[in-house]
Amino acid sequence: MKIAAFGEIMMRLTPPEYLMLEQTKELRLDFTGTGVNILSNLAHFGCQTSLITNLPDNRIGEAAKASIRQLGIQDHWIGTTGDHIGSYFAEMGFGPRPTQVTYQNRRNSSFGMSDGSNYDFDTILDEIDFVHICGISLSLTEQTRDAAFVLAKKAHTKGKKVCFDFNFRPSLNEAHGVAFMKEQYEKMLPYCDYVFGSARDLTDLLGMSIDESLGLSSQFEDLVHRFMLKYQIKNFAGTIRQSDQDKHYLTGFLFDSEHYVKSAPREIINLDRIGAGDGYASGILLGIIENWTLIETVDFATANGVLAHTIQGDVPLTTRKQVRHLMEQPTVDLIR
Amino acid sequence: MKIAAFGEIMMRLTPPEYLMLEQTKELRLDFTGTGVNILSNLAHFGCQTSLITNLPDNRIGEAAKASIRQLGIQDHWIGTTGDHIGSYFAEMGFGPRPTQVTYQNRRNSSFGMSDGSNYDFDTILDEIDFVHICGISLSLTEQTRDAAFVLAKKAHTKGKKVCFDFNFRPSLNEAHGVAFMKEQYEKMLPYCDYVFGSARDLTDLLGMSIDESLGLSSQFEDLVHRFMLKYQIKNFAGTIRQSDQDKHYLTGFLFDSEHYVKSAPREIINLDRIGAGDGYASGILLGIIENWTLIETVDFATANGVLAHTIQGDVPLTTRKQVRHLMEQPTVDLIR
Amino acid sequence: MKIAAFGEIMMRLTPPEYLMLEQTKELRLDFTGTGVNILSNLAHFGCQTSLITNLPDNRIGEAAKASIRQLGIQDHWIGTTGDHIGSYFAEMGFGPRPTQVTYQNRRNSSFGMSDGSNYDFDTILDEIDFVHICGISLSLTEQTRDAAFVLAKKAHTKGKKVCFDFNFRPSLNEAHGVAFMKEQYEKMLPYCDYVFGSARDLTDLLGMSIDESLGLSSQFEDLVHRFMLKYQIKNFAGTIRQSDQDKHYLTGFLFDSEHYVKSAPREIINLDRIGAGDGYASGILLGIIENWTLIETVDFATANGVLAHTIQGDVPLTTRKQVRHLMEQPTVDLIR
Amino acid sequence: MKIAAFGEIMMRLTPPEYLMLEQTKELRLDFTGTGVNILSNLAHFGCQTSLITNLPDNRIGEAAKASIRQLGIQDHWIGTTGDHIGSYFAEMGFGPRPTQVTYQNRRNSSFGMSDGSNYDFDTILDEIDFVHICGISLSLTEQTRDAAFVLAKKAHTKGKKVCFDFNFRPSLNEAHGVAFMKEQYEKMLPYCDYVFGSARDLTDLLGMSIDESLGLSSQFEDLVHRFMLKYQIKNFAGTIRQSDQDKHYLTGFLFDSEHYVKSAPREIINLDRIGAGDGYASGILLGIIENWTLIETVDFATANGVLAHTIQGDVPLTTRKQVRHLMEQPTVDLIR
Amino acid sequence: MKIAAFGEIMMRLTPPEYLMLEQTKELRLDFTGTGVNILSNLAHFGCQTSLITNLPDNRIGEAAKASIRQLGIQDHWIGTTGDHIGSYFAEMGFGPRPTQVTYQNRRNSSFGMSDGSNYDFDTILDEIDFVHICGISLSLTEQTRDAAFVLAKKAHTKGKKVCFDFNFRPSLNEAHGVAFMKEQYEKMLPYCDYVFGSARDLTDLLGMSIDESLGLSSQFEDLVHRFMLKYQIKNFAGTIRQSDQDKHYLTGFLFDSEHYVKSAPREIINLDRIGAGDGYASGILLGIIENWTLIETVDFATANGVLAHTIQGDVPLTTRKQVRHLMEQPTVDLIR
Amino acid sequence: MKIAAFGEIMMRLTPPEYLMLEQTKELRLDFTGTGVNILSNLAHFGCQTSLITNLPDNRIGEAAKASIRQLGIQDHWIGTTGDHIGSYFAEMGFGPRPTQVTYQNRRNSSFGMSDGSNYDFDTILDEIDFVHICGISLSLTEQTRDAAFVLAKKAHTKGKKVCFDFNFRPSLNEAHGVAFMKEQYEKMLPYCDYVFGSARDLTDLLGMSIDESLGLSSQFEDLVHRFMLKYQIKNFAGTIRQSDQDKHYLTGFLFDSEHYVKSAPREIINLDRIGAGDGYASGILLGIIENWTLIETVDFATANGVLAHTIQGDVPLTTRKQVRHLMEQPTVDLIR
């Protein structure tokens, strides 16, 4: 099974030891992005993965590619154009102080300025089975929207599996209103087989209604199943975060056309919150690729998501062995 | 509103990553002190601030001034004399291991050896509205006591507001007894408008008695109001620290001549305990400067004090936006 | 009282800030080992200590010796032979992610390839009162087994006190079965005065049976006293780790020929789990050396073990003052 | 004498210890720019300086301002707009390997997108005596050109001194041709009093001709004096770099309307080549501001330029004392 | 052209900033080896490369593979066996202080304990055109000798090009004498097409004689041509290092069956001496692969070798663009 | 041969990578001092060494002792008193930028406030053969002068060898004039056997005259021999530093009562200038202790001094093997 993802490579610049930007001149440089995170995790699970994106043809573009390879992702479909990589600063929070992310210009990046004509999607699709598209592409620029639609349509036409992540962030869409964004998502969804999202994505963005005649516990299930039916989605997955005093819990859910399962809630202990959701997604994708049962899949994915919160940086670097170990021996704190 | 503070700049030398001194050759250098902490925080709140102190006229003195400016504090009233800056080592604790502070010679520092004649207080006071004096000056040396008294008296005479922080540490006063120190504080208090302290400062240092005929809940209020009346203090503020198993809580209190308010207790999660009290004080001063209500002031100050525990180093670098965010959305752990 | 220990010096290589090996090119180098840990802690308690081992005669061997001296241990009985030091990588865990130790070749190290003829035990024993032998020597190689037996027998014969730590790790003994290892331990025990171990060492390794006719609370005591009687052991000590939700507790126990005491459980907060057991052992040894009561000894040792979990690296660097401080003022989080 | 500069603040990201980007995840963050460099150096010489620029209103903008203050520059004329700071990566060269600078998007920065209407130049100019404008502004964007012209014209009209640095880089002007750029420079020069540049700027950019009838030694002098006469320039200054085998030398030159002086060549030993030219410029400006003789000025400036090559980062942080020391005791290698 | 190399991956541990081992606890971890160095450089030149070796199946083995990929080398022929990677410490020299390399156990490494049966050479060879074998394999262990012979013979038989590097180090061969090693090299050479070595390898190791009847300048040429004829070698290449006072120079030479060319000497400025020879070899291989003329090849290779001395770590990371730049503009010290 | 030294332990705080103090918050901490430097070097040569000094009884004092042991020096004669260690900042120079040392308060240090009564010199002297006293003690404080005199006199009386280093720094003696200092040195010299100094020490400090009737080459020899005769000095040694363009050379000289030898000049390449003189002194002392010839001694010492310039920090950590290697194979730049 060969898996590709279409998405942006960003630079992440992180001060050490919970320092804030004005406290330090030392930064840690990582290359990240939803596609990077998911592919690297799948590569650590043993899958063959490849990233579809564009980078500048200069020293920092080369460094980004080297980093992508290091993460276990093939780089031969990474094109070069433009002269810029989007970046963000992550000031790591501690206790009641939240982690603060500050973005630098993403729209003028090599990725942001590339439309469908900048990629040889036909060749790429002939070599893969499965493609992941991050919803950020629908928000970023005219060009990334175009490229995402071209890719999704071609993939769907060629009978490749398409996985799509809503990843809807209002802050990236202040210029266009929700109505405009709804249109874009509705254009994308018919090409998709597997979707990550939340109830709010279905109600607030797509404008679907909740059937309040149902019992509370059935409303969510009914909502998602109507959505899946409408767009012929095979699986829909996501997470629910809950807090109880100062403890936080992660619960995963997963639908197929007929069933709905949830994992047991797992406590989250936070080393680095960013990208942890991509750990959950990687776990779900592994189960889908390998045809696990829904409950096996969601349990593995939730455990993986919890581990992703304990790893520095966005990229979940867990192996199957580590996830299984947490599922089987959750109290062991030292492995020799 | 222009605010100045009179106090020592110290070098803080901190091993990285919770290491102890014998475990590392790497130290982080910061410049700190009660005045530095409070002024930097007020500068981050938008106030214009300036430090009154002395530094050596050499490379380390210049580096200290550069750091002070970086923190948002003006440096043009920092004089040069002597050849030494007081310093301390902070071995950061973890869990049951307490943070260990080891002081190096403070008394022979440029600040410690400067008396009233080393400062042009008249010129300085003409340009400001408000001056903060830290009680450490009363303990440090003959010269700093002299300078503090001259400054407080002149400020009071010119109608400037004087804020004073008891900050009484027995360990700095082993040579002189409590009786001597009581005399010094009693000499200072008549010049003061706003005072930070604790019940223990009033009883153990000033020797005031508690009226045990009152209910427990009224004893503290009665004690403080008698103190405020005696010295014509406008506001008296401080904090109470409480522990419940392994959880720790901070509660702020604030008096004016007639009222007494307390914040709700807030849980403390500790990244760096040192200087956190100055975060509380900065919050109180902001409310006083901007004429907030007592309860608005004490709530803001307590939230700020809690954030100060989550920031590396002594200096609370919070902005109004960060404090408001914690007050309004305390469970958000990631801001994009 | 002069104390020596016989054991391996290993290199420990640790990525900074909870990073995993593939995330960093920076490693922290420490020299460690059970003997190193215990002797350094005893040196910090004021004892005169010396390590008996072998190192390569090259730059890394010299660096190891310098580090040993820095820890307060004398290095004049460290011989040179071979060209290799065993090493391990410690990827520090966080929350549910366990610490992962990866060993590199230990058997071909200078220590691993040294047998009894590589040491001048007679001279060494004439200068000391007490020798500690780590059970790892029985597992490592033919040569280390030989050296350990020669040393223990000579020490016993000369009337020196011998302390032995089971430290049995099945992972180091996959080649030889348990039966072989049982033989080795049974050969060692008659030379020993003080032993560290667990109930499982006595049952699973030595094959001793539990008297199920006794009440649960008496079974352990009976088991240990039978073991001590058989081998004429003066004291037997160890710890019990318990978890309650996400909290972890350490309880110490200590036997003499007639009595059995346990400390109150103390909560563990984990900065670095590795080597923390050696902190407990050092506390017990100090009590034994200085003839404290059983309960004084076990309380001190347990507090010391808890502190050892809060110190980076394997080596517990606590002083008596720090341990006493935790015992007397457990909630103080800042010492000036 | 109050001095302001108009120009961009950039982020410089530098790998440590001569590493290349693909070799490290650690970067050092500095804030830099021609204006920053010159003002900071003048501030270290005792001048009062202030930067005129725009930064984003976010965490990285705040960190940039803190850094500017730390360098000794006032920040109250730094406005906020946009969401981006231009950046560059500096892979430090060694011996025959040249330093490699890779720029990231500068045109979409807060500075790049600000035109004359984004600044309150009238207020600013009323408070200063002298303004420095970097020629990069003419190349960067339509908006920065506009802002530079508005500022220069207003300053000239108000009788303030205007200093201008050609700083012409063909790589920044590939879109517009030389003819377009010539027009921009010709529009700027009539407002200028002091100009930094080279012979090549006058011939290749402005299209001036060399009078080949003159002896070689007079051609340069004649060229510059014709240029100065045409635009009524008071002083023109620059440097000549020469190499002899593997040694490199810096010679400064300085013209007034009648005279032409050169410093003796000084050997350059290179720690960090970037920004060293700004050290020379700062020295010239100091001499101009303080009315030194031409030869005093050029000697000081050249010594300062040489020191600037020995300082990490773009910003020349030299003091007068350091420059004088090099001029008077060039062989001393240790000062206690 | 697909190129593979057979050889060891070693860990290199380097103290920062020219510190010696006993001066620091911080080490930089790199993965290196002759094959790694040459393949990474060829990958930076645009070739497709793959390493043939064995690593342990654990966390450090995984980290090594990630690093190899990061360097641009494919990792799918890296097998897993054993539990150890050879390592060395590099204490970087400065001026008259030489760089000191201290090896740790190489013979018990996963690579050192793998013989021909541990590799699927037939499959591998079917996919490549060119294989590089490092002479270290002949010295290391019985097993590596076996594997090297099997590989060379199979490659030769299948008509693949074989490149061999003498890399003879007496220090690795103290157990076996020169006679034994001569036999091994003589067994290898008949399979080889391209060889790297020195005159000394031919005389002292292979025992060839110099024809002293020839003029001095012809002796070397005659010696090499006799060697090449005997073993049917297509090209023989190497370098000559010369010193003149405190300056050092590198000259490359290259033979084909009829010609002999030398590059002009280039001055070496040393940042990191280790692995620089592999930079020269990579340049020669590039010329051979792309059928450049002898002189084009040797000039490029020598320039590349000189750059390799200016790069931290063993691995020459130069691109064609960088090498060309040095050849064409050797005095430029800053590229923007 | 057991050697002790009497002198101050200072903290040295050094910014990394040639940064200046205002450029960094990271400092490297070392413990240093003339006695430390010489004893550590002698310990690396195989001698048994011990330092006589006082440190504060706190965490930083303990860290200092640990560092001293790490350097190979015994710490059992280090007493505890006072609360301060003298410190200095070393901003490392580069090329024409000199290294800048900034001292912090040394006079109030534990060492500076200890007089003869703070040491048990009788016990100490009974266990050693040789004591080194640094001339700084005569400049520092009343108390250190007292202690130095008591020690020197007792040592001389007991027939122990006394080595004294002029180490006269006018900057430390601005309060007392030269006349006062001359008196102190004259009081010390009669107790001394071996003296380090320069011609200037004899003329400018002691006021000795040069016999200008002699040829230039004999004046220095005559001066020193008169000095040696007057005070019955067995050996007098020192260095001459010369520069030729940008190259620097070190020449050592050594006298006995009848002879005078000089080493060949050796080129100095400077990594860290501070403490390099102590490397020369250590070499001389080793030759004296082991009764080498004058020329053997001075050659070894000069080579060692040159190496000391290439080592980070004050402390020369060279071994005999390294010095011999430089003497025998000066052009080798890589040792495997």
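Letters A, B, C, D, E and F mark the chains in the order given here, with residues in each chain numbered from 1 onward.
By definition in this document, a residue touches a chain if its C-beta (ideal position, glycine included) is under 8 Å from a C-beta of that chain, and two chains touch if they have at least 3 such contacts.
The chain list, named the UniProt way, goes like this: A, B, C, D, E, F = Sugar kinase.
These numbers come from a predicted model, not from an experiment.
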Given chain A and chain E, the chains that contact each of them: B, C, D, F
Contact-richer chain pair [B-C vs B-E]: B-C
Chain C and chain D, separation of their C-alpha mean positions in angstrom: 63
Centre-of-Cα separation between chain E and chain D, whole angstrom: 46
Interface hub residues of chain F, defined as touching at least two other chains: 17, 20, 22-26, 66-67, 70, 100, 103, 270
For the chain A and chain C complex, residues of the former touching the latter: 16-17, 70, 266-267, 269-271, 306-307, 309-313, 317, 322, 325-326, 330-336
Chain E-touching residues of chain C, taken from the complex the two chains share: 13, 20-22, 24-30, 58-60, 62-63, 66-67, 83-85, 87, 89, 91, 100, 102-105, 108-109
In the complex with chain F, residue positions of chain A that touch it: 24-26
Chain C contact footprint on chain B (complex, rising order): 17-20, 22-23, 93-101, 103, 169, 171, 243, 246, 248, 270, 273-274
Touching residues on chain E, where the partner in the complex is chain A: 66-67, 69-72
